[in-house]
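Common to both upcoming complexes is chain A, partnered first by chain B, then by chain C.
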Partner chain A sequence: MAVLSALPPLAMQAGANRVVQGVKIEHVCGDPSLPPDADRALRRRLVEQALRALQTSVEQPTLVQAER
Partner chain B sequence: MLRVGHYINQFFAGIGGEQSANLTPQGRDGPVGPGRALHLLLKDTGAVVSTLICGDSFFNERAAEARTAVRAWMEEIRPDLVIAGPAFAAGRYGVACAEVCRQAAELDIAAVTGMHPENPGLLVHKQAYVVPTGDSAADLARALNVMLPLGQKLASRVPVGPAAVEGYLPRGVRRPGARGEIGAERAIAMLVAKLTAQPFQTEIPVEKYEAVPPAPPIADLRHATIAVVTTGAVVPRGNPDHLKRCSETRWAQYTLAGRDRLSSDEFECVHGGFFNLMASENPNLVLPLDVLRDLQREGKIGNLLDTYFTTTGNDQRLIDCKRNGAEIAAAVQSAGVDGVLLVAT
Partner chain C sequence: MRLELGTFPVTRLAFGSRTGWSGGQLTVDPARLARLVLEDSRIRDVRVDLVEPGEDARIIHVRDVIEPRVKVMGPGHAYPGICGHPPDSVGEGVTFRFSGLGVLVASEVLPHIRRAVSAATDSLIDMSGPGAVTVYSTLRYVVLTLVTQPDLELAEWNDGLRLAGHRVADDLASSLRSLEPPERRIFSLAPPQAPLPRVVHVHTLNASMVPDIGTGVYGFTPHALAMLLHPNEILDGAIAGDMVVGYPGKCTWLHVNNPVLTALYARHGQDIEWVGSIIARTRWGALREKQLSAYQTVKLAQMLHAQGALVTWNHGGNDLIEVMLTIQGLEKAGIKTAFLTIESDIKVVKLSRELAETGSDEPPLLFSVPEADAIVSTGTLAPGEVLPRVSRVIGGDSLVFDQERPDARTPAAGVLDLEALSGAYSPIFGHFDNYGLGRQSYYDY
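Now for the complex of A and B:
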């Protein structure tokens, strides 16, 4: 399981092992202030990052960072 | 004069040990066993007027009959105060004592029990006033000396102070009240104490989370089935299962079949812990179905489970979180899911 959260420290404190930084509590997977295409592209990057986290080996609660 | 009813098991009644654990519930006039010490502590302020004795196995194996007997006893005796046990570390006895306290509460009778902090009886009736005891009857006299004054206070309807002051185990109840110093001052004092390795008492104890071993990574996403779960309370418009805005105890599942995205015509967000208008206008902001479908179409993920799972992650008790998590995990596992995306709001 990978957790998309606007508050990764809380998710990790609760024991989530694969955590990805989301945007904001109100809109974890995107940003409605962006134009629709940009919002969707941002959402795709976040979901891809969560999918990468699922493929990453971890030993303990870990913030899986974006690939640069 | 305070009329005290006392509940004890077959062992403390002097009837017998395990061989007598199936003893049927029976009342006796006056104090029996540890009730005699209780009676003496009352001096001329009251009396143990009746004792109910029941075998520990009987109470747990024939629970409905035992509860009926306890209620009938209380209704007959009409005590001002019920003392149960103490049960120390005896599990079945602890469960019985907690149940006796629950029955008393239902009849608006003050009740106190005593048990070891690890006694499973504590899980039976969280609202019970339970004095912590040692694990054996060696602690009897001390325990009764705490239980009785607490019971007298409860029976006289005098407001009872916090757990740590009155000597009972925390009941998970917080009461509003005035403190000498404002919160900021207390918090700073606590921080200074912590930084200088001095003892301090938190005002908001945090329940401990368990460590969960990480699942192994998914080797090949192109052949994996992914499920999506959210604590964001995204539900079909109209909220057919009446998912609550906060303090939810349940979870719900809904279909994604035949949908390319979540439209605001069909779905909404009913989470009460954040400003949910944006999520209701575009539920993909919480449950990213649109891009998951893109990834599925492109073959980057093998399959997306056609069911999603949701609950309201807002003021949910840890015990409900655990059960909901376990139930959702069982559901996705039986659906052959390889990995889960959980969107936490």
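Now for the complex of A and C:
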């Protein structure tokens, strides 16, 4: 399992195995203040990051860092 | 900064043709107050009621409670920065106040605002019986039940209700100007004669994610980085609430009667040196914002050479992240830190009352850090009581307990099984008791 979370410390304390940093509480996976193309690119980057996290083996709750 | 508070205790309320305080009795002219309120065209109708502790009465649709205060000497205006009051720094001079009295604004939330703002919940105060466990059941009230224009937008609705409440509070407090207060007390953070441990109050305050509303500091409501207040500013009303949010942690009366201020003033010069209150806003949307707010708060405490910190908060939910990060930072900086808190895990409370009461493997706080090792609880949020029928209801006729189902209305005068009717939070105003003013924690433990 991987969790895309606005608040990784909270997700990790709750025991989520793989945590990916989302944008913010109001909009975790995207940013409505961006132009549509940039928002789409951001959303794709976050989802791909989450998919990469799913393929990462972990021993304990881990923040899987974003690749820029 | 030296503030003298002159206190006029109110032990009886009465209607009469001349507003004034004499020997504990406050006489209120309802026609005068109604005229004042109706000068604002946003208010269509007002009803003035007097309510006393111990009455078989229930006040509903509580929007805020205001303690009337007036500056009789020194700069600024009580409750600065709101309702046309100038934003001059307050906390100096002489202020008169009524004790045991609140101007209570009651008004049912407009349907479009109920839909838009989930925190605009319906709350109630029982003046006697099993629900009368909070400090709000011990006050005397001049209740203004207000009907506004139906199409007001959020900011206008908030402003109209608040202006009505403060106009009435200002008018009542002004009647004290020429009188001699029965009690006087001087507040100043005079340097102690011998060095004492330096203690800072980290006064974290929710900032609403909805613009224009929420707890204001000199009327300023947006998220902002930490600032330092002298406690006298708070005693003069620098922190004031809105008329929207139903959570009592933003109540205007509460902030000038915050027992944390009283307790720290009692200890100042005795065994601590109180260096002031850092205001840190909470409920930032992004983790980086929460971190920055916490780190700057810690830095400010270090620059004040604090050796100890008392951390409080006035809300619940994700605000706890930055509060805990602040506690962690303070402890890591060598500042011994205590945290005063409600037990806020709504999941536990909602799943089952037994879980909430018997304990479980669920944490009582949504989030914690190992450094938070000195915590004082003020009780849970669990709505446990069954409230009996009452003979008098002020503020409206019926209540909505589920914001998602505004058409499901419960008659306010009847028996209210709060556990069955309400969600995670008790609708009793003040049950969400961040500063430990009520008696309800004795019932829970």
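Simple rule for what comes next: the second predicted complex is superposed on the first by the 67 of 68 C-alpha atoms of A that agree within 3 Å, B and C clash if a C-alpha of one lies under 4 Å from a C-alpha of the other, contacts with A are read in each partner's own complex, and residues count from 1 in each chain.
Definition applied: a residue touches a chain if its C-beta (ideal position, glycine included) is under 8 Å from a C-beta of that chain, and two chains touch if they have at least 3 such contacts.
Quick caveat, the model's predicted, so the values are computed rather than measured.
Asker: After aligning the two structures on chain A, examine chain B and chain C and state clash or fit.
Answerer: Overlaying the two complexes on chain A (C-alpha atoms) leaves chain C and chain B clashing.
Asker: Is A:I25 touching the first partner chain B, the second partner chain C, both, or neither of them?
Answerer: A:I25 contacts both chain B and chain C.
Asker: For A:L51, decide between first (touching chain B), second (touching chain C), both and neither.
Answerer: first
Asker: Name the contact category of A:A2: first (chain B only), second (chain C only), both, or neither.
Answerer: first
Asker: I'd like to know which partner A:Q13 touches here: chain B for first, chain C for second, both or neither.
Answerer: It touches chain B and chain C both.
Asker: Any idea whether chain B or chain C touches more of chain A?
Answerer: B
Asker: Please write out, lowest number first, the residues of chain A touched by both chain B and chain C across the two complexes.
Answerer: Dual-contact residues (chain A): 6-7, 13, 25-26.
Asker: Within their complex, state which residues of chain B touch chain A.
Answerer: 209-212, 214-219, 221, 224, 226, 232, 274-276, 278-279, 281-282, 284-288, 290-292, 294-295, 300-301, 339-345
Asker: Which chain A residues qualify as touching chain B in the complex?
Answerer: Interface residues on chain A, with respect to chain B: 1-7, 11, 13-18, 22, 25-30, 32, 39-40, 43-44, 46-48, 50-51, 54-60.
Asker: Touching chain A in the complex: which residues of chain C?
Answerer: The touching residues are 209, 285-287, 289-290, 318, 321, 366-368.
Asker: Quick check on the complex: what are the chain A residues that touch chain C?
Answerer: 6-10, 13, 21, 23-26
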